[in-house]
Amino acid sequence: MSITSPVPAGRHRDKVRSSVEEALEPLFDGARIMVGGFGLCGNAEALIEGVVRRGVRDLTLISNNAGNLGKGLNAWLEAGIIRRFIGSYIGTNEALHRAMAAGTLEVEIVPQGTFVERMRAAGAGIPAFFTPTGVGTVVAEGKETREFDGRTFVMERALSADFALIRARRADAFGNARFWRTARNFSPIMASAAHTTIVECDELVALGTFDPDDVHLPGLFVHRVLEVKDHEDPFEYKTTRQRVG
Amino acid sequence: MSITSPVPAGRHRDKVRSSVEEALEPLFDGARIMVGGFGLCGNAEALIEGVVRRGVRDLTLISNNAGNLGKGLNAWLEAGIIRRFIGSYIGTNEALHRAMAAGTLEVEIVPQGTFVERMRAAGAGIPAFFTPTGVGTVVAEGKETREFDGRTFVMERALSADFALIRARRADAFGNARFWRTARNFSPIMASAAHTTIVECDELVALGTFDPDDVHLPGLFVHRVLEVKDHEDPFEYKTTRQRVG
Amino acid sequence: MAWTKEQMAARAALEIAPGSIVNLGIGLPTLVADYLPADLGVWFHSENGLLGMGPFPLEGEEDSQLINAGKQTVTVVPGGSTFDSALSFGMIRGGHVDLAILGAMQVGENGDLANWAIPGGKVMGIGGAMDLASGARRILVMTQHVTNKGEPKLVASCHYPLTAPRCVHRVISELAVIDVTEGGFSLVELAPGVSLDEVRSKTGAAVRA
Amino acid sequence: MAWTKEQMAARAALEIAPGSIVNLGIGLPTLVADYLPADLGVWFHSENGLLGMGPFPLEGEEDSQLINAGKQTVTVVPGGSTFDSALSFGMIRGGHVDLAILGAMQVGENGDLANWAIPGGKVMGIGGAMDLASGARRILVMTQHVTNKGEPKLVASCHYPLTAPRCVHRVISELAVIDVTEGGFSLVELAPGVSLDEVRSKTGAAVRA
């Protein structure tokens, strides 16, 4: 028997990469890149730094924030490699305010729930959905609105990307990953919405280490895995309470 | 200071119930009830039996299957308490085939992915979404279709319920729950889509037993919790392989 | 005498029903948690993916990966859970959060809320504000009654960009507690020593008493 | 000589790329797993919420809460994971499943698939068939070439209710491997001893060779 149209090998074996450079090899100019994390919490720090060295430009950055306090994704802003930013919050991000003021960056600000739901939709094969968020505000301007059961909703479109750069606490060679506490945030959703998902983990573990019931991100959504043992894990605002007694 | 319009007490304390009867007390005739489980796997067996004794009728049952082999939800069909069934699969369910043939039951068959996505939408405040599933088939008849990026999709509406009856392996007093293996299936999604979610667990554990990262169903989606120590957990098809060597 | 910020927080705490799910906005609303009896059975939701948020950690116990929506280090109480942002905002949009306490730049007498942008000012972003304002079951606003320049924040009609229309149920300022009703602003109570006239003079719309 | 079911399964196994995600439909397609080299790096997805499905369990090791979409007891391989049905169908609809091998009642020469209902027959339900047929990246059909009554299952146009339009890429029957192309059915290979004439006589549409 011969197969006349052999299927190409799938992307779900040999995912482990040994360097940031190797992990980021498929990036290209003009790529749309999702980066997980809420502020500086849960950032893929080594991959973020690596992208600047990689030398790609004209990127669309899709991330809730774009760094802060000169850290994290601020490096991309300072390197001038972002053409467009899609996210939900700017706040005290001076690097972002400067880039916006300089007119070197297009910025699309999206309500945070809509932001993540659009990515979840992309990952789940849903091209569009209706949400109450943003109705009667600038967010709904130019978009289709519609009544269901007497309430008005706005139609939002799926948001996908070429790459997702994800930070996990632990991952295995198939790309199954677990996150720690609130470092999970957008990461598993972005992994589902990107063509190529690259996971940077603190610890690479053997297949079978995770209980099947406790995999936060099934490896099916992951295409490249890199172990990075040391992370800065910066605090954005270190707040404490007094010890009583 | 006085509060002139005091807010009513919330539903998120004192959730633990000590009997099936007490857990099912709020049910009413004509209720829409979601029941978790894939076939007989992951059924809330005690609650399902209890509903028949509870004496409510004209129910809408929303469940992937409606029992099988005379077990599980077959009891509701045999008691004649279901007026309408919304699910995805009938298969060899003779009780359901009989009820359909007798004309005593309205049946709405939905593709399984659309079924769960409609419930997920209800739980997540999304009134409608577009999906490729069912386009060009009877499923899309009478529904709005629409092109996005050159492909046709059908609009589906959210599916909610008055109650969800859910089986978990372990739960705590807030209703945080964990499931075992493929018994998870529709259950956490149904819990989010129902006004009142009642969880039947094999084991009630102390608050704080679960690692925060490993809660499959946050207690926010749960309103009543009941411990039921003994379950039949029937096999639908017990298949095995030969031991080699 | 107008309420201090702490007194405003204590007053807002009385709005929280036992056994409810509450999201506290960044800034002033964050203070409210300190004024809740421990046995109230209230669960704090933080939209970055945390239910059962506890107080700030003790010094030396901070975890950079356990933060609230204001990016401050927090703790998680027994029974708390973490989850991804899609589920977290599903909780909000799906009506599973009973109460959100939010800050405001302007509140309209029809309940419109503006709290994310000032025309001509720096854009700070939207974050979770629009989802909370349109998704939580009840919206309580905590705000100073007037701006730093003395302009009313409770107005006949918001001219700042809206966060969500007709969403605010009640406002707590340093001067008064005011409901948004079909007929506009309606006084619920005055801070001690504050007169209705003072409230009216500092409000940009009629206040029924 | 036509292929046996086992030979069909072995032939279908050759269609599975190393390192791919595969969903096997209920019935005939289930057999395919037995013919895959262990080191192929293939992950089986079962739409009831399991990725990394392993073989049937040994006797005495069955778990009623670990089943496949056919409700048969199965196992989970190291690196496997379980999840809820919303995520499971998100995987399917979102194009994360590389290949689905499905049964068929009819396949149209334009790639239409009918595999869930016969007009006038008992309705068995839809299950995950429509999601798989419209969501998986590649659809391989495994089917007997004709019905029990000898009627062709590969037809010019399906008259049974469709599962999904224009979704089938390739068909493996006991007689042949046939592609669906722009120009209709196109022969890929014949089972040993089966003639093109036999295939053509048992097919309800033209078969290009």
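Order of writing sets the labels: A, B, C and D. Residues in every chain begin at 1.
Just so we're on the same page, a residue touches a chain if its C-beta (ideal position, glycine included) is under 8 Å from a C-beta of that chain, and two chains touch if they have at least 3 such contacts.
Please read all numbers here as calculations on a predicted model, not as lab measurements.
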Exercise for review: Could you let me know which interface, A-D or A-C, is made of more C-beta pairs in contact?
Suggested key: A-C
Review point. Taking each chain's centre as its mean C-alpha position, how far apart are chain A and chain B in Å?
Key: 32
Review point. Hey, how far is the Cα centre of chain A from the one of chain C, in Å?
Key: 29
Check your understanding: Once you find the CA centre of chain B and the CA centre of chain C, what distance in Å lies between them?
Key -> 34
Point to revise | Touching two or more other chains - residues of chain B | key: 117, 120, 124-126, 131-132, 179-181, 184, 212-213, 216
Practice item. Give the residues of chain C that touch two or more other chains, as numbers and ranges in rising order. Key: 50, 76, 82-83, 86, 89-90, 92-93, 135
Study note, to complete from the structure: Chains touch one another in the pairs A-B, A-C, A-D, B-C, B-D
Review point. What residues on chain C touch chain B, complex-wise?
Key: 11, 14-21, 41-43, 45, 50-52, 76, 78-83, 86-87, 89-96, 98-99, 135, 138, 179, 188-189
**Study point:** Residue ranges of chain B in contact with chain A within the complex
**Key:** 117, 121, 124-132, 148-149, 151, 153, 157, 178-181, 184, 212-214, 216
Review point. Can you list the residues on chain B that touch chain D in the complex?
Key: 38-42, 64, 68, 87-91, 97, 100, 107, 109-114, 116-117, 119-120, 131-139, 179-189, 216, 233-241, 243
Check your understanding: Considering the complex alone, what residue numbers of chain A touch chain D?
Key -> 1-5, 7-14, 120, 122-126, 172-174, 176, 192, 206-208, 210, 212-213, 215, 218-221
Review point. Which residues, counting only chain D, touch chain B once they are in their complex?
Key: 46-50, 55-59, 61-67, 69-74, 76, 82-86, 89-90, 92-93, 112, 122-131, 134-135, 161-166
